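Naming follows writing order (A, B, C and D), and every chain is counted from residue 1.
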Amino acid sequence: MKNKLITALLGGMLLLPAAVTAEPNQQNTVNIQAAFEFSSLDPTRSGFVFTRMQVLETLLNVDSQGGLLPGLASEWSIEDGGKLWRLTLRDQVHFHDASLLTAQQVADELNRGLNKTSALRGLPINSITANGDNQVEIKLSAPYRPLGAALAHYSTAILADAAYNDAGEVTALIGTGPFSVEEIAVPHKLVVERFDDYWGQKAQIEYASYLTGHRAEARVLQARSGQADIVFGLDPASVPMLKRLPTLEIVRSDLPRTLALKLNAGHRFIADQEARQALSLAINRQGIATAILRAPDAATDQLLPAYMSDWYLDGQSEAYNLEKAAGMFSQLGWNKNSEGWLERDGERFELDLITYADRPELTTVATAVQDQWKQLGVKLNVNVTNSSAIPSGHSDDSLEVALIARNYGIIADPLGILLKDFASSDKGGDWGSLNWSNTWVPETLNAMVSENDTARYQEQAQKIAAALYNERPLIPVASYVQQTAINKRLSGFRFDPYERSYFLNELSWK
Amino acid sequence: MRLRDLLLKRLLQLLAVSWGVGTLTFILMRALPGDMAYRIAAGRYGMDAVDSDAAALVREELGLDQGAWSTYWSWLGDLLQWNLGNSLVSGQPVSESLWHMLGHSLLLAGAGILLAALIAIPLGLASAHHGGWLNRILLTLSTGMRALPVFVIGLLAVVVFALELNLLPVAGFGTPAHLVLPALTLGLSLAAIANRVVHTEAERVFNAPFYEFAQTKGLSAWQAFLRHGVRNMSVPVVAFFGVQLITVVEGVVMIESLFSWPGIGHGLAHAIFARDIPLIQGAALMMGILFVLLNTLVDLACYWLDPRGGQLA
Amino acid sequence: MSLISVDKLAVFVGDTCLLEPISFTLNAGEKLTILGQTGSGKSLLAQAIMGNLPKGLRTEGEIRLFNSPASAKSRRELWGRRLSMLPQEPWNALNPLMSAKAQLAETYHRVRGDAYDAAQQNADYTLELQGLGESRHKRVDQLSGGMAQRVAIACAMAGGAPLLLADEPTKGLDVNRRDQVVEQLISQSQTGALVTITHDVAVARQTGGRLMVIKSGELIEHGDASQILNNPQRAFTRELIAADPQSWPTPERQPRPETSVLMETESLAIGRGEQTLAKDLSFKIHRGEVIGVVGDSGCGKSTLGDTLLGLQPSYGGKIKRHCSETTHRWQKLYQDPTAAVSHAVSLGTLLNDTIKRHRIDKSRVAPLMKRLGLAEALLERRADSVSGGELQRFCMLRALLLDPVFLFADEPTSRLDPITAQSVSQLLVDVARETNCAVMLVSHDPHLIEKRCDRVVRI
Amino acid sequence: MKLSYLCTSQISTSRLCGAVLLLLLCVYAFATPLLSAQDAASQNLSQILSLPGGNSWFGTDHFGRDMWVRLADALRLSLSMAALCVLTSAVIGVTLGILAATGPSWVDRTLDGVTTLILALPGLVLVLIFAAIVPGSFWMLYVAISLIQWIEYFRVTRAITQRIARSPEVQSSRLMGFGALYLFRRHYWPAIAPQLVTLASFGAASAILMMASLGFVYVGIQPPLAELGLMIVEHFPYYSDAPWLLAQPLIALALVVLSCHLLGGKKAS
């Protein structure tokens, strides 16, 4: 080990002259801008940036449909009725410090994650052990279907031993990806360099840099001026303007992320499912999608996207219908008062909505919903605050309505997320239902974890989708459309709907 | 003797400010709504990834259940050893991040002030000397410029120099070119006021009896300006810059936010949203200390320029 | 050879004439004094000759300097070297941030062309000669008015200019200082020519040479100084001369009837801030007595008043008041009446305030106003639109309505023109005697004190 | 320091211009809701970014809201905030300033200490923290801005009062037996009042700017409230599609601040 390090160092020194001539500059670097800061080097906290920039890799990968693909593990098998996962590691995988990937190392790394906020935390795991040089075994106390997706999550990415200090803190990012760290300045800036000993498809570009751009309008300007080559999270409002520029290509990608209103179903105004349905009917989704999101087909009243077909009700949708909604409310005893607000027993229909400003669409969509509900007679007070107010309001029941953008592909199989959102406690889930009286859905979700029959799994999923659609614990507004600007000097850009990787190693200069 | 009194007074002020600012921010931050653990978790794990689990983990790790008093006392004790604690979000020592930010902020502020001086002094002198149309044009321009908030000046500068002319980067940091627009924005907004101050002071000196006497006793116009004009003008101008320091700092907060400049203002605004209390306290403290120190520097400059001590702020 | 020749020189602003045409010629060794009241256009003459009139003013007529016609540009080159002007108020004319020596040495170095070291030595020498050797490193704020004037004169003369214009060189100076300055000017002008512009008859008398009297920009009288001063031909000149305290009629000294003691001090010490200004002051004040207070400027004359009135603590010793009158019967008159009265409302309102506050009989106002020569219409105006003399008399009116037993008058006439000063000070003394009020009169002018007071306290 | 930063000859005319401009803006801001039945928040998603003219004089924004009404709303908010802040901070500042200058020395020292403390933190930062405490609260912003602005009135009042308190006119009135109220009415207030107009004008301008700055960093204002700074940010993405949309709040902000500055005349510091 030590010898290898010395050889690597010597080799590095020999290569030094070449490295000096190739400093990162505007010509040889792909500049990436996105909204997200990384607050730490620890992958369990900020791993999303490091896997996207392809410094770190996970054991398994995910295809665009959510199916599992080999990653650092070339094969995997599920034995013992789903209670034992056996992963076989790829041969000859080098870390950036030239050391080799071993099974023991992977087991250690996964075990570390169990005590931190990795995707493995809280799963029914008994033990994670190395079996020989290239096998890792994970023993479960109960079958857990989404474990594979968890192993594809950024928080389970594999770091070299040398990345940790004695206290178990991450001090350097030494991974296995096609890029190694050239410069890192927490929380804004990460510059990576091509790693020539990569086991898979080697990169063509020399350098890539990641820079946090907090303000949406600043990111748009960066794209416009050509200062950034790839800009994620464009403000929909500026997309038409950017599209007219000859230097840019705007890529529209659908994400398994949905803009939805999280409702407190325990609130006396909206405890009736008719009330929630009426509120849903009063939202002009087409208008919002066209005028605000600038993507007419983004309008949806289903929580999960159509390509997650197990969870999508085909052909089911209900059009904007204000009169029907008003009729439903008058059935429930709500009538308009002289000021035009709905009133029942002398009480005005007034709700507080919280949302957060980090995603530019949320504020504007909230503003639009506010006005559309006003036409129905519902007074909605919009409060733009920090995203943490949502789980916090969930836990103390103070939340009434929240506008969220939920990613159902954080772990590639949506089951894991749905479990969290609808079945993590009696109340529901931080980013899912709140005080929803339905008990059948959480029970079924829990049962599906160990369901091995695909047809039955599908059938249950459809039933759950129908329940979500009819009872509206959340009111979906639109699916989230990711707009990305790419400078035309690059080719080979591909977008990962699960936002796990930027596929930088597939990019090339034109 | 006078100088020592002055420095002693400033030192006392420094101590009072350190304690006061720290305590004030502490109280204010305790008064902020929402559960602190959730906010910190949002800062740590990303805005969409925060949930009750993460918040519980944060609460346990940081001991947020402690009472306000014990947190306050331990903070005060640490402060005495110049230990500002660790950032709740990144876990890094606050003083380290502060130094990093401070460097960027000072660079921006220094460049802005330098630019303001380069613009304001020649213009102010020229308008005082020439008067007439030049003065009126500058007066109009300055008044117009002062009516624009600093972020609007920044936006306009971006539109013109970065978007339309494509000369300079829009935002970011790292190369000298990145510094130009933020510094220009700060410089312009400062110069809009400063050139009038220079103008007024120059006019005062040009019309002063001693300035006339310097010439009637035989000095040439240039000699009179260099030997009797410059120093007398600079006293109030330097004092004015002292008063304007607060504007500089406020401008820096807005400009850093607009241009993604990783300075102390940007850091502070960000820390407020993330509820990173040690960082907020550290940044506020640093600003307070910086403000007192810079004021002391201005005092010293005035003292050196004007030994009468009449102009000390 | 004539150093300066002025022919029908006049100054205009637009079409308004500020200085009527004036002509004179001055040869080497000659002295000319121009005498007139403040605001009579005298200073414009000096500026017109120098060529540094304020913007917007223009001249007519001809100025010849050293036998050649003077243009704006040519005159600038003469400044300091051939032609120099001693400014009014030297404490404003010296650079506030530079030491006396530096300002003088720079003139030697840059104007006369001395080498740097020689200029330093010359400056030391000159200052030593002027008795300023120890003050050479002081700035103007650390110098007294007289010292500043001597430095300014030295600077103005340093370039060796034969023609010197002195504009009000003694304004604001004590009598002793005034004499010193005039002497210095005379000695400097032995070889050249001196034009002195002043409102002070005493300065004109002391300077000698030729004299021109100006009234409102118009030349009244012209001739030999001693001749005009001893035998003025015009009424205005006579008034000017008569208004000089030195020429005031000496009052008949009647033995004052013995009155009771109002107040006495025992080895009183006075001071301001950390500085004790005077010690061991022991005197008695009787009712109805007029006491003069004299002393050099800054010796604590005003402080004495404030201490006696209880506005300021004493620094030792005792003050005994031998009467139990309320505090508002102990009053003060100020040097600058405009600073002592609110400008916000009319004088009538201020008067009514006083009447209401102390329930004064309104019928007393009219006779007292008449006695003080104040017109009824004056009360409708505000403090900033009446003259200094009127305002000072209004202040006297307010004070006298309160039936004062003691009135401390701190240079009450020094800001007034001489003719007004004479009448106001006479009025003050007369009215005080009539109402049996003790007056302490402060002045820097020993003649004024001599002509007005029963007794003198010297600090 | 007594400095006049503007040409003395232009003061009266420029002040008049400022007053007229401010009056016009006030009339527009406060009369529009009376004259128009339109609601500043009502949207029309099928008619966004329409050009000025016809139905809406200033066009519509990205939600199809009428800009004429919306701009009036935003101006009304800014002007009301400015007026409230000016009034509060002036009353507090002048009262405390006179107390500090004429009262016992411990009052002066205490107040001096308090101001030094508050001044050590840039005002904007303090407002930022305050605004974060209760997001979207008009009153919190008002408290925060007033908390910072009273200091200016305090310092100017204290300086003027201290100078006047030492002056012969006050000494003379005291000798004549007048009390504190009289001194305030006849001496302190007449000296402070003219400065107050200047301070109030600049204070109003800075309150408006501060509010716009908060809008710019997304703090303190909640939808659908119209606020100038927030409008500038919201409209910026459309600057090449609908430049008039960005120009409107920008010009309105500049005009209102300019009118305050002109009204303030010369600034004494």
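Throughout what follows, a contact is a pair of C-beta atoms (placed from the backbone, for glycine too) under 8 Å apart; a residue touches a chain by one contact, two chains touch by 3 or more.
This is a predicted model, so every value here is computed, not measured.
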| item | value |
| --- | --- |
| Set of chains adjacent to subunit B and to subunit D | A, C |
| Middle chain, criterion being Cα centroid separation | B |
| From subunit B, the most remote chain by mean C-alpha position | C |
| Whole-Å gap between the CA centroids of subunit A and subunit C | 87 |
| Subunit A and subunit B: spacing of chain centres that average the CA atoms, whole Å | 39 |
| Inter-centroid spacing, subunit D versus subunit C (mean Cα positions, whole Å) | 48 |
| Whole-Å gap separating subunit A and subunit D, where each centre is the average of the chain's CA atoms | 44 |
| Per-residue overlap in subunit C, given as positions that touch at least 2 other chains | none |
| Per-residue overlap in subunit D, given as positions that touch at least 2 other chains | 135, 236 |
| Set of subunit A residues in contact with two or more other chains | 385 |
| Chain contact topology (line, ring, star, complete or other) | other |
| Every chain pair meeting the contact rule | A-B, A-D, B-C, B-D, C-D |
| Subunit B residues within the subunit D interface of the complex | 13, 16-17, 20-21, 24-25, 28-29, 31-33, 135, 139, 143-144, 146-152, 155, 159, 196-197, 199-201, 204, 236, 239-240, 243, 246, 249-250, 253-254, 257, 265, 268-269, 272-273, 280, 284, 287-288, 291-292, 311 |
| In the complex, subunit D residues that touch subunit C | 167-169, 171-173, 175-178, 182, 186-187, 189-190 |
| Subunit B residues touching subunit A - in the complex, by the definition given at the top | 34-35, 38-39, 41-55, 57, 89-92, 158, 162-163, 166, 169-172, 174, 257-260, 262, 270, 273-275 |
| Sites on subunit A touched by subunit D in the complex | 216-217, 220, 235, 237-238, 240-241, 284, 287-288, 290-292, 357, 363-364, 366-368, 370-372, 374, 381-385 |
| Contact set on subunit D toward subunit A in their complex | 41-43, 45-46, 48, 62-64, 135-136, 218, 222-224, 233, 236-238, 240-241 |
